[in-house]
C-alpha cells in the first residue's frame, strides 16, 4: 500500500545558528520495514527524525509520506500516520494523568468519548500499562514512563513508528521487555539508536549517518559486521558480535 | 506484557523525608514535601471520595467564617477547631506533619501580630485577677485564626489532591486557560525541581568556603536552568504538535454531586453559621461554672 | 510578603478576590486572542521554573542574609503581561495550597500584589519603555531594576493597605509603612539585579526569546512619556490612598505627630492638615463607601469602632465583658477543645476498625 512508504529526496537542513545538520539525504523505506538509524552524536539522526513528521521543514529537498508530500496542508494527516516517540518521556507526558496523556491524541482527532476510551485502553494494554491508567505522570518510574510514552503514540493508530533512542537509560530487564514489545509491532519502524545490539535484534536494515550524510544503507548483517565502515562513523560492532572477553582470555592462557 | 519494574515513586516513609522537611528550603526538599502531600491526597477514605467541589466550598466557607470574627474574639473561634479535627480523623492525615507544615508558614502572621500587644495596651478584660490587654487578646485571636485557616487549607489538598482542586475550580467557573496552566505547572514542578537540585548539588560539591551562593552564581545557575527550561518547552510543544495539538487542551472529567456530597456541604455550612452566631464556648463554660459555683 | 488569612477580613479578601478573578478572566480571554499556542506549554514550564528557582537561596552581599527570586518580572519579560499574570497566579495558588504560604482568602490579595503590579503595571509602563525592542545589557539592567523596585514598592504598599483595611492589626498605618517600604526597597533592588542577570544570560544565548513577549504597542520603545505616565498614575493612587487613610483614621496620623512632636494633638496645624487632606481625598476618592470622618467617631465601618475604641474605656469597647464572663470563656475553651479532641479520636478509632 503506497501510504506506508517514506521517501526522502536530497534533504538539506541548516539550523538558525548556522550548524549544517543534513547535507542531502536520500532514501526510501517501505511498509513494514524496521530500519535502524545509527551514527555518532551530532551526525544528524534526531534532525532527520524531526523532518519525518513535519516538526522541521527542509531547507531543500523533499519528504514524502505515502501519497503526500510534506506541506502545511498535509501536516495533520502526516502527523496521524507517523507517530514519534521522543527521547525524554517527560517531554511527552504533559497531562495530569496517564489516561489524559494517552487520550490527548485521540481527543485532538475529534473522536467520540467511547472511541477515545477504547483506543486508550487498547494502547495501554499493548504496552502492559493498563493498571497505570489513573496514575499521575510524575509518579511513574522511568520504565513506566517510557511505556506510557509509547502508548500515547499508539493511541493515534499510526502506521509508521519513529523512535529516538528508546532504550537509553533503561535497565537491562526493562530494555529486553521493550525490545520484545517492539518486535511484535507490525508498524513500519524507524529507530535512531546507539544501541547496536538492539538494532541487530530488531531491524532488518541499517542506515548509517555521518556528519549529515548517509555513508551506508543496507541489510543489518552486512553493515553491522563491517568494522572499517563502522569505525569511520565513530561506531563499532554490536557487543555480541565482538569477541567474548571471557572466552578469549581463557583461550589465551591455555 | 509488562514493560517496567514496579515503580519506586510510590508510598514511602523513610527517615530521610522526615529530616528533609526540616531543612532549609532547597528544591529537592520542597519537591519531596509536595510529593508527600501528593501521596497523602491519593489515599482512599470517606473524605477523599467526596466531590472536590464540596470540599473546596466548605473550606472556603470555613475560612470566611473564621475571618469574619471581630478583632478581639478568642473564645468564639475555639469551637471551629472541630472542622480540621474531623477531617484529620476521617481523612487519615498525619497530624504531626500537618502541624509542622503549618508552623513553617507562621512568620508573617507572627511578625505582624506581635505588634498588637505593643500598640494596643488598654486592658480589655481580666481573667480572674490577671489583666489582659486588647493587644494580647487580638494577638491570640490572630494566632488562633492562623492555625485554623492554615490547617484547613492544607487539609483541602490533603483530602482532595491538586488535580481534584483543579477540576473543582474548572467546574465552578474558573477560566480554562488558568486551570490548564495550573495542571501544567504542577506536572513540571517535579521535573524542574529535580533539575534545580542537580544544578545546586553540582555547585555545592565544588564549593569549599562554606559561604552561601552569591548573586552572580545564582544568576548564572538560574540562567542555565531557564535555558534548559526553554528547550524543554520547545520539545514539549513539538510532542504536542505531533499528537495533533491545535491550541486547545481537551479534558474530559465529569463530576457528579451526590446526595452524600450535598449532606456534607449543608451540614458544615450550617454548623459554621451556628458557631459564628452563638458562642458555644462561653455557654459551656458558664454551665460548668454554674454547676460548680 | 505573602499575606495570611489570619490578618484578613472577609470584606477585604472578597474585594481583592473579585478584582483578581476579573483580571484572570480578562487575561485568559486575551491569551485566547493571541494565536501563539506555543505559550501553552511555555507558561506551564516557566511557572515551574520560577517555582523551583524560588527554592534556591542565595546570600545578599553586604548583609549576609539570604534571599530568593520573586520571578514576576522574568515571567513578564518572557511571556508578556497576560500569560505572565496567569503563570504568577498559578504559582501563588500552588504555594497557598501546598505550603500555606499565603492564605486562601488572602490569595486574591497576593495574586493582585505579586501578579498585577509586576505584570500589568511595572512591565508595560516601566520595563518595556526602558528596555524596549532593542535591548542592550545596560537597558535590561536599568529596566529590570526600576520595574522590580517600583513594582515591589507598590506591592508592599498593597499589603499594608489590605492588612490595615482588614482591621485585625494594631499596627498604626504609619509604622507599618515605615517597616514595609524600606525592606521591600532592598528586596526590589536585589530582585532587579537578579532578574537582569538571568534575562541577560538568556537573551545572549537566545535573543529571539525576549521578543516572544510581543511587540510593545501602547508605549513606544525609549519613550519616557510612558514611564512618566506610569509613575504619575502610581503617585495619584498612592497619594489618594494615603490621604484617605489619614483622614479616616486621624489617630494614626496623631500617633505619628505625637512621636515626632511630643504632643497628643496638634491644634491649628493639625486642623489645617486635615482640611488639606480632606480636599485631596475628595479629588481622589475611589471607594465612596468610606466617607471622610475627621473628629467624630465612625460608627458605620467595622474597623472604625475598633480603632477609635483604643481610646475609650474597656467597658465601652466590648459590651458585656466582665470578670466572670471572661473566666467562663477560658473554662469554656478548655471544654470545647476537649470535646473536639474526643470527637476526633472517636472518629479515628471508628474509621480504623471499619477498615
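Note that the chains take the letters A, B and C in the order they are written out, and that residue 1 is the start of every chain.
By our rule, a residue touches a chain if its C-beta (ideal position, glycine included) is under 8 Å from a C-beta of that chain, and two chains touch if they have at least 3 such contacts.
What you see is a predicted model, and the numbers here were worked out from it, not measured in a lab.
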**Request:** When you average C-alpha coordinates per chain, which one falls nearest the overall C-alpha average? Tell me, please.
**Result:** B
**Request:** Report the chain whose mean Cα position is at the greatest distance from that of chain A.
**Result:** C
**Fill in**
Rounded to the nearest Å, the gap between Cα centres of chain B and chain C is 20
**Prompt:** Roughly how many whole angstrom separate the Cα centroids of chain A and chain B?
**Reply:** 42
**Request:** Can you check how far apart chain A and chain C are, centre to centre, with Cα atoms defining each centre and the answer in Å?
**Result:** 50
**Fill in**
chain B touches at least 2 other chains through residues 183-184, 186-189, 191, 232, 236, 240, 245-246
**Fill in**
In chain C, the residues touching two or more other chains are 41, 44
**Sites on chain A at which at least two other chains make contact** = 94
**Fill in**
Per the touch rule above, chain B residues touching chain C in the complex are 24-27, 29-31, 33-34, 37, 45-46, 59-60, 63-64, 66-68, 70-72, 74-75, 78-79, 81-82, 85-86, 88-90, 92, 101-102, 104-105, 108-109, 112-113, 115-116, 118-120, 122-128, 132, 134-135, 138, 141-143, 145-146, 149-150, 153-154, 156-157, 162, 165, 174-178, 180-189, 191-193, 195-196, 200, 211-227, 229-230, 232-233, 236-237, 240, 245-247, 249, 279-286, 288-289
**Asked** Which residues of chain C touch chain B in their complex?
**Response** 1-10, 13-14, 24-25, 27-29, 31-32, 35, 37-38, 40-49, 51-53, 55-61, 66, 68-69, 74, 86-87, 89-91, 93-94, 96-101, 103-105, 163, 167-172, 175, 190, 193-194, 197-198, 201-202, 205-206, 209, 306, 310, 314, 317-318, 321-333, 335-337, 339-341, 343-348, 351
**Message:** Quick check: in the complex, which residue numbers of chain B touch chain A?
**Reply:** 1-10, 38, 163, 166, 183-184, 186-191, 232, 235-236, 238-246, 250-252
**Request:** Spell out the part of chain A that touches chain B in their complex, as residue ranges.
**Result:** 50, 53, 55, 76, 79-80, 83-84, 86, 88, 90-97, 100, 103-105, 107-109, 113, 116, 127-129, 136-144, 146-147, 152-153, 156, 171, 173-174, 177-178, 180-181
